[in-house]
């Protein structure tokens, strides 16, 4: 192969966002813009995110909103309520004197894992709560939305300015759940023999025709979040790393690639797999990516638009880390590290880095050097997960707008495949 | 104790139903009565049962109807659909030429365990089916109801007469699911910290003030179903058994009795328990009957009317066989056999035999001598469960009218306690 | 079939043991006989049983004696030590003043399930105890044997007479473990790909060529143990039951019969099986009785003599209740109840009732009417197991001499098949 | 704290092994030395390693050698046989024409996980194999030892030279099992209430009184194995990394340190723990390191010398990664990465780096950039484990002489604590 050679300068940073590709432009603009007053800008951003949550729930029936088809997933209704509880608990409860919670039991029902905040309803039982129903959650959301907007307008700019980090955290938190709303309902629909469609008109985004490789020579780069914009704590501290030499594929691995792996017996060849991975593959009888169904008309896949024939040119999706790693070995290649990915992405050398599928890296999800979770209750957010999971980079078709970031670190267990997860390859050869 | 002595004559039968207590009158009248033509009588009986199913579902939201709070329970929606599928599969599908099933996937989704009929959706996943929704099930029921009624009126009396056994099986089958609809939704509501009420106006039936004992001297009696009325195959063949001497309590064990057992450390005293029972009790941390909650105001219990204080005079309910057996040992008494129960019940010597709680017997659920399951597909009904379960006799507050029978054999595993299950004692002492 | 008709008189008892068949003569003679003094007779009986235990352990290496190949089984070493602990705990510890236990930790290590006696080592971990080793257990046994014999000779006849029930219990308890020593080591050897033989010269007992049926007309019979000889508490109280009409097979089901069942797809035909049974059969991939191996030379079976070809005429062995029940249904027959078995056995109408294979009955293991476990610590012995198990009658090739009894009730869970278990059929047809 | 400042030069290497501390001298000398001919040197090295295996087994009874006290552990007997099988399979079987395996079944029984070599006995069942016994394994070892030595002397130097990599692999493989022999038998003994000692005279090595910190400034270093000596494939390829600034503790965390953590409620404080770690700690009821027992005389710990009082100055041992991570967070410090550890160790700045306890790093066990497992059967060795485990560096008191190496990468799952595992801290503060 004759990949285009790319020589990033060590320590290069993205100096000119205006000229970046669309995929790169999206990451990390402020959520707050375009309005006159701070209260107005906060209100705009708040209502934009809140209404996006409702927009995603809109095609779903009350029954759809209640299902929890596996312990890792949560009901739509729960996502809608939990994100609302966040505002009630952390913003109104702590900063709006006299605010009365909408319902005294909701804090218990809709806390997720914030141990510091008190006891909470068992995760695996979320799908057993028939009440409150979808309509009551709608009322809950309206109640809290109104209270938050009123709070913004009743509060001094000075105090609001001090609350921006919290508000940004709440908005980004809700955006994360927006992505999960889609992955979780798709899992449930995929279990249904009738294969319901979330949106019959849904179409997958078209991939860029990326091919060839981009080359990174050895150099020192700064990895992690820098600057004032919002970020999660796991993106910090920014720090210097030595990266390269390595080549990264410009494009994502496609369904056509994956079918070749399958045809070559990839799922049955133990020597291609990590030991834990082959145990998962045989234990769960994997023979194709998640949601694929073998039909009389060939392989089909369950999508947000229902059951569809496989598109050979589309990026493969719903593969676990174990599968991604086996595919890479079968290809004679590797998965990149998250540092390699970030360096190449900052230099705008990766096609489809954002908005298609999250890309597995071979980097375990570990703390950056000197990372320390913040000590307040929001500090529970990321640090406690830093073992046994792997980092995914980029973003997916389900990621909300203005939520992607080049330093963003997503993470899942290596057997997980209900997210929109794919891969791109790395090559350490000459 | 000075129990009234009772000397049933061997082979006594209930010769004068007109004089029997109300509880005894209920059992086993025909479901078909009061109309002029056979088609008319079938239609009346059919619509009465079908509308009772819908009446029981009526207080429930779409979300309520979807929940499956444990693998043993099924969603309301599923009960409504499965009982409908029965008519479609066994009556219309086999006897109404040209009938087109309402939906091609429903046979797969709503078959329960009739292996002979084909593959079926996994039981434990019933709560993951968001579609079809409650409204679609309502349409399904209406469609099938209309088709059945039309079929009755389009079919000759001669053919209808031949179908009566099947129709009776279908009606009784649906009645069984009517009871499960209540037990299953109560289980789900009991898991909800908010303790929703199925019907806030619900009241438990008042027990008869039964006290003392009824004595059975040794005698040969015929056990099991005799005559032409509907019965399940497990009630056959009627056969002769030697019963007694034994005394049976006239009344049911009450909550007051049970509180004394609890106060005496009953749940923590290994020597009172069967070994498997104590393993269940400690493994599941039982310290009171099912659905009891210890509150600041004392013990309360989750009922169809919501959370209510314990009524000391009411029969204890939601106890497993293991608990019933431990209680009997603690009392210095035993549980009766199902034969003893039936003999005493036939002689109208038991109070609250029907309509309060099912009563655990110490009889394992085994085939009667020479029992052979019928070879048609309905023959899967009862015989395959005849191991590892115990017989309960009588009926409960959730049992539909006209479904009780003195020869009725209900059965559950010894750890089960989500049914309306209680006990009465037996005494083999002098 | 033309079974010989047999009319037992109701209430018949075995009035003339001298004339009974050898198989019937064995059951229930006293273990104490032939010696001059009471102390002498006790010593003879004691040493006879104790040396039989050692004789059974003799072919085994120290490693063999340590294995616990599944939680239900126990190491040989443990059986040898536990039976010794019994004497130390209940005889010497309570009745021999000043007796010092051989080792202070052994009571904890070698108690089995006597909750009343104190805490005990976890059952499933017995195979993890490398020390004390087989040699130390030999020393332990010698120490206790000497102390018991000395105790017998130092104690007055009057006091000894009062201890006879305890001593009989200890001897019968040890005999039960003698049978388990063989079943447990055979399970371990059967897991070993090298198929070691317990005794290469071992031969299975020859079956009597029983064929045809014995008929029981309806009659009242007394079931259970009567008289003064030793018995377990579960054989009491003797009580009257109505038995028949039924026919029982004179002989046991053979391997030839079983191969016909297998050839007819018995293991794959769901309609022949109890639901729980088919789940076990598929979950554990049964396709033949336990210990059968399909080899290039046909079916072979792991026996005490090592791997041997199937003997078509031998009784089938190592079948579970689930398999026995499925076989009976496939045959158009049933399993007998334990009452039917006992009535026919008392009348000497069953061939191979003893000394070949335990025979599954369809009777659940339940208390006889009015049964109450004794309140002392030995009372834990049988009563706590009276749920979820099935009764087996007769005895097996591994049962020690003088341990069989016509009223003996053995019991195992329906999935168990590591005991020497087989079946005989019953027929309720005309 | 006033840690001595240490400025390693980037790319520093250990230039003067003669002057290094004893602990550093040990790593990675050749196993082959001091003899005249190549065959002689190979024979010396081979017999030295083989006899060390037997020396470690010598204190153990046949029963001790059979126990498998958890699925992760293996019986001593199995270790002795498996390491022997290695020579038979890979050296004699492939390079000694006409060699006949000692026993035809041993390849099946004693293969471990080399999928490429064929089927193998289930790992979790190793403790169920009573035969072959310890004596037969001794005969097996003698047979193979003699055959190998004869092979060395019958083979040309040229051919032997080509086999050196295989022979080194076999010797290092056997040394790894020598360490496991001690960790596995200690686990079994620790389960025994009688707390048997492996060697009553055993004493733990004395720690160096390391205190304070060594500082690494930022610099580029080469990590991984370089040169011709033996190494495992996972130590390759050597590659450059950017390390620092960071400080590493000179000494290991001690029992005194750990008791302070325990006294401060460390095991009960969820906020100190990784989420998966706290689940393990509560699920397994950890309240102290592995093998600690709370006695009337205070905390004691099960060692190779039996139960001993806690030595406050000794390094804490038998802690899992989860515990090590929680301790580090409680200390306001971190665990080092494996790269940091290696850089400091190469510069001889770490006390007790070798020979005490393996030291958890926070580095996930991942492939070095461009790592590719070799394609022959020995290539199964390390690569397939590169997920879900964490790297430990250094070596332990159980590591055989001449087996340690500064680039050595040991790895275990984060919940494992039956190895001799401890930790040293890192500090990223100013």
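Descriptive notes on the structure:
Labels A, B, C and D are assigned to the chains in the order they are written; within every chain, residues are numbered from 1.
In this text, a residue touches a chain if its C-beta (ideal position, glycine included) is under 8 Å from a C-beta of that chain, and two chains touch if they have at least 3 such contacts.
The model shown is predicted, which means the values in this text are computed figures rather than measured ones.
The set of chains in contact with chain A as well as chain C comprises B, D.
The greatest centre-to-centre gap from chain C, using C-alpha centroids, is found for A. Distance between chain centres (mean CA atoms), chain B to chain C: 38 Å.
Put simply, the C-alpha centre of chain A and that of chain B have 48 angstrom between them.
One finds 61 Å separating the Cα centroids of chain B and chain D. Going by the touch rule set out above, the chain pairs that meet are A-B, A-D, B-C, C-D. Per the touch definition, chain B reaches chain A in the complex via residues 61-67, 69, 77, 105, 108-109, 121, 125, 127-134, 188-189, 191-194, 196.
Only residues 113, 115-116, 218, 220, 240-242, 246, 270-271, 273-277, 321-322, 325, 334, 337, 362-364, 366-367, 369-370, 380, 384-388, 390, 414, 428-429 of chain C touch chain B when the two sit together in their complex.
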